[in-house]
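Some structures to go through are shown next.
Both complexes below contain chain A, partnered by chain B and then by chain C.
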Partner chain A sequence: MHRYTWRTFSRELSLLVIAAVWWIPFYFLVTIALKPDLEALASPLSFPQSVELGNFGTAWSQGSLGRALVNSIVLTGGTVVILVALGSLCAYTIARRAGAMSTALYLLFVLGIILPFQLGLVPTYAALRELGLVGTYAGLILFYAGIWMPFSVFLYTGFARALPREYEEAAQVDGASQLRIFRKVVFPLLRPVTGTVAIFTGLIIWNDFFLALIFLSGTDNTPLPVAVYSFVAEFASRWNLVFAAVIVALLPVLAFFVVAQRHLIRGFTGGIKT
Partner chain B sequence: MAPVTFSQVSKTYPDGTRALVGFDLEIQDGELVVFVGPSGCGKTTALRMVAGLEEVTEGEILIGDRVVNDLAPQDRDVAMVFQNYALYPHMSVFENIAFPLRCQRMPKREIEERVKRAAALLGLEEQLGRRPRHLSGGQRQRVAMGRAIVRQPQVFLMDEPLSNLDAKLRVQMRGEITRLQEELGVTTIFVTHDQVEAMTMGDRIAVMRKGVLQQQGPPELLYDEPANLFVAEFIGSPAMNLFRGRLEATENGLACVLGEQRLPLSAATLAAKPSLAAYRDRELAVGIRPEHLLDPRSSDPALPRLKGEVKFDEALPPERLVYAAVEAQPVVTEDVLEIAQDVDEAAVERLEELAGERFVLACARLDIAAEAPGRGPFEFAVDTTRLHFFDLDTGAALR
Partner chain C sequence: MVSTIGSEASAAVTVKRRRARRGLPRVPWVWVLPAVVLVILLRYVATAAGGWYAFTDWDGISREARFIGLDNFREILEDPVSRGALENTILLAVTFVAAANVIGLALALALNRTLKTRLLLRALFFAPVVMSSLAVSYIWQFIFSYTGPLNRFLDAVGLDSWQRAWTGDPTWALWTIFVVLVWQFAGLAMVMYLSGLAGIPDELDEAAAVDGASAFRRFWKITLPLLAPAITVSVTLSLIYGLGVFDQVLALTGGGPVDASETLATQIYKQTFAFGRFGYGAALSLVLTVLITAMALAQLSILRYRERRL
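Right, the complex of A and B next:
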């Protein structure tokens, strides 16, 4: 039993202060988004006198956020599916094959994490343009998958190496083919790390602005961050609408994170429950 | 259901470790054979080679009349129960048992029927919807058995399946596995390092050491006629008492000398073990099972006596284990040390210390109904027809 001392109290108080500082931008984000035009201009920092929920509807329709939301879902979902499907297969092979080739492959992937992707940005852009993939979902999904694959393989390999071989051996003796063993036994056992890979890379891709701007600006395929950016340029004087748009863009991620954070933590810390 | 044959099977790992050397054994159709031996003796390797999980370096393994050396585990029609059960944690008990049948693409209805039949046989009907992590150790063990029997394979392979259970459950499951194996009549190889498990379950036991088969046969044969010091020491609990002794010529034939004490050997003993004649005036290892050190108060007065000093006793109804220091040199050979090593390092140290001593702490199995001999000098009667003799250099039994 821990005693509640002055020391504990002061520690808690300092954490609360830090948390309050952290929350200040969010406070402004929400309060300004709820204010009518005039109030937002006159007293942007005050608590809203009246609530204008219509800001969200205006931002949604004026900023084409619906289309942008679909784009974000397609880009993020497509990339995550590739990262999970190929990353897990590749990592499982690396983890289970002992040999110089497998070690070299693993090191190559680690190198992919260390090297900044910006080094290859220009030639990759040129190559994708040659292939007619710039401005398309497929082009950016391929690029995202390429730059995040090393991270996916790295996480999966560490987890797969720790996976007891007995499950696979049992499945072999039970008569399962290699593909079935992977599909029905290994992949489900990799679930915690799959959660981590999907959530971690998914969040980064969902929030990515730079690559989406380079590859997709000027098309109808722009995701939420680029759409919000364009919206800011158009409605720079109406911060209440801009902030409402930002909240609309934030909400799916926030909701997803609340639902999925348990998986994220388990993937980093835990193994499989037997 | 099929016989399994090991023909000169060897296994050498890439680092040069020889896990199995020239292993020869024929397992009959429907037989339960137990591979037993200390850690690292090659018993699990032999089992995994039958399953196809280890490659065969030399020799041939046959299931039925088919050489399976190059067959994938999937194609061998064997089922295996692993030490940690290896139940798929993300599947329910039903799905775990059904998995081998799904691999065979069996129709759904048949899968359901077979799984339910297996579950009924193992008393798992109530658990079919649960995940393995919600089951007790005994239930998990049963699920692993269910997954093995549901396919009706040619051979069952069991790799120390009882080692994770507590003592009481182990005894219960031991009985259940034996019953199930008899009912199904499937050829079974059971690996264990527990000699009690081996003795109680096996139609035959194969005792292994350092990858070499030491002796195989029914439990009684291994107990009564061990082929060498290793088997003698390994099989039996409490273990055989071993003394360093000498054979001396007497007026009436030969006597076995332990320290300063002489145990005259009857003509019948010498006739039963003719090779002893060659050991006259030579040192050898003498083994006496605890039940052959008798209570002098209730045995034939004509039997020779072995003096010792009772140190302590353990009441284990219906018997009493009496431990007495007998003045004689202990046998501390490589065989004995290896078995001790399997117990723990301290046991090895104790034995090495004892090597310099002149006493052997002998165990006698007496009737609990008789009065316990108090601490101090005591004379045991010895049934010399039941003595075991071994060559000290080779460890081979002298017969």
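Right, the complex of A and C next:
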């Protein structure tokens, strides 16, 4: 039925053309980031005549992008560890215990997914400021974890309910403690969910600008998007420098995308047949 | 004495064995505690408190917040800036959802089968989705700038009268945000429709083709109805994202010119954290929350209803 005909070929060709048009912004991004000041101003659209790699050095040092990269890693990593550790532990308990309490807790988390985070923003900001946590990693990590914990528990619970109990029973007969059974037997079996939670929430938090701007701007703890925002405020319209900063900010995710594209897309949508 | 301890120990062992035979000991409830406390405090208590502040004039500093009834909401509807932000938010979300999903579905249908470069194409269209919205918006700010590629292109094809500073133009500023949103997220809709299409058996389409149904009719009567679950998820997700749009606005227009492209999220940010109007910011958040929840629920029930009718 699905033979490769000349019509398939023309469809393929037109899609490749559309994809190329879709990627034109990235052509500007890369070529302009490589141009020296004068050339970037005089002929921004041409292919670079000379390559000025110094733009990246300027962006890196003037934009404090090294520090921002570390901040992004700490914020994203810290939140994901909390979401995975506390989420899986909580979901396993809900899945293994029956009764009204278990159902009520499950509902608490499911409703939490639907509830938008924006309304809680102002009071949370005020409370964290009272505790001296605005401007710190801990404050924002707490807020991120609160936002995404319902999602994490929901995914883990669904998966944990379908896990057979035989492995846990075997470990129990061998005399392992409950926490040890969870760590050594259950948690490894939950790995597909851990992957989805880590990739999905990790990407969203890595790219978050709104909350990072509110909780961290003006401190040294700002992640990459906020650092790029401040850098552009200072170097507006010097597009070669701005684009060098943008490339530095995009590279980690792009590298991850190239290496683990399938996992990433699957983590984002769940079980796509390729 | 010794024998008692021994018998107690052996009794304990039997209890343990019996329990092991009966199944596992119960998982302690304490294990749910950290996650439950976190979610109750940061989601439920915070949201309830936000609901209270929305009816006050709290400035974020003083100890007391004064209850002012519906004054904040009256101001949102009467003040041209916040009212405009509300209208912009809805307009942007609805047009973005429609465009991103139509383009996403078209791409998914076009590269669903047989193409040799299917995986490459999928990656190319999906790549923008995983990138920082703020960072990619700066590329577009350059494209839309007065001396930028778009105006040069218009000049080259003889449409030089159309040239303008796109992000600085009151009527066009909002639509530059729309373009960036669609460009970045059509790939997400595409991937969701691809996974929906993968669940539709080829036989159905083939049987209809054998019966002489045209390609258009097959799409309308078979593919589209069977995609209903994917449409539900994709439309709802993009709607929720579109209503909360912030990064693109700040990078492209900053809400300007003269507040022409403000959205609810940028107003929440400015009113609360730049002007210190915490009560008013909470009221704007409440409006956004109600919008997101209502539209998501409405969308879900409409599409669910259509799914059931099939």
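Basically, the second predicted complex is superposed on the first by the 249 of 274 C-alpha atoms of A that agree within 3 Å, B and C clash if a C-alpha of one lies under 4 Å from a C-alpha of the other, contacts with A are read in each partner's own complex, and residues count from 1 in each chain.
As a convention for this text, a residue touches a chain if its C-beta (ideal position, glycine included) is under 8 Å from a C-beta of that chain, and two chains touch if they have at least 3 such contacts.
Being a predicted model, the structure only gives us computed values, none of them experimental.
When the two complexes are overlaid on their common chain A, residue A:A249 makes contact with chain C while staying clear of chain B. Of the two partner chains, neither chain B nor chain C is touched by A:G57. Legend: residue contacts after superposition of the two complexes on their common chain; A:G218 is shown touching neither chain B nor chain C. Applying the stated contact rule after C-alpha superposition, one finds that A:A176 touches chain B and leaves chain C untouched. Contact with chain C, but none with chain B, is seen for A:W239 once the two complexes are overlaid on the shared chain.
When the shared chain is aligned, chain C comes close enough to touch A:L16, but chain B does not. Between chain B and chain C, the partner in contact with more residues of chain A is C.
Contact with chain B, but none with chain C, is seen for A:L189 once the two complexes are overlaid on the shared chain. Touch criterion met: A:I147 reaches chain C, while chain B stays clear of it.
Of the two partner chains, chain B is the only one that A:Y167 touches; chain C does not reach it. In the three-chain superposition model, chain A touches both chain B and chain C at residues 169, 172-173, 272-274. Within the complex formed with chain A, the residues of chain C that make contact are 20, 23-29, 31-32, 34-36, 38-47, 49-51, 53-54, 60, 107, 110-111, 113-117, 119, 121-136, 138-140, 142-143, 145, 147-149, 152, 183, 188, 191-192, 194-195, 198-199, 202, 206, 240, 244, 246-247, 250-251, 265, 268-269, 272-273, 278, 281-282, 285-286, 288-289, 292-293, 296. The touching residues of chain A, when paired with chain B in their complex, are 164, 166-167, 169-177, 180, 184-185, 188-189, 191, 272-274.
Against chain C, in their complex, chain A makes its touches with residues 1-4, 8, 11-12, 15-16, 19, 22-26, 28-29, 32, 44-45, 86-87, 89-90, 92-94, 96-97, 101, 105, 108-109, 112, 114-127, 142-143, 145-147, 149-150, 153, 165, 168-169, 172-173, 178, 203, 206-207, 209-210, 213-214, 224-225, 228-229, 232, 237, 239, 242-243, 246, 249-250, 253-254, 256-257, 261, 264-265, 268-274.
Touching chain A in their complex are the following residues of chain B: 51-53, 72-74, 76, 78-80, 82, 84, 86-90, 99-100, 103-104, 132-133, 147, 151, 157.
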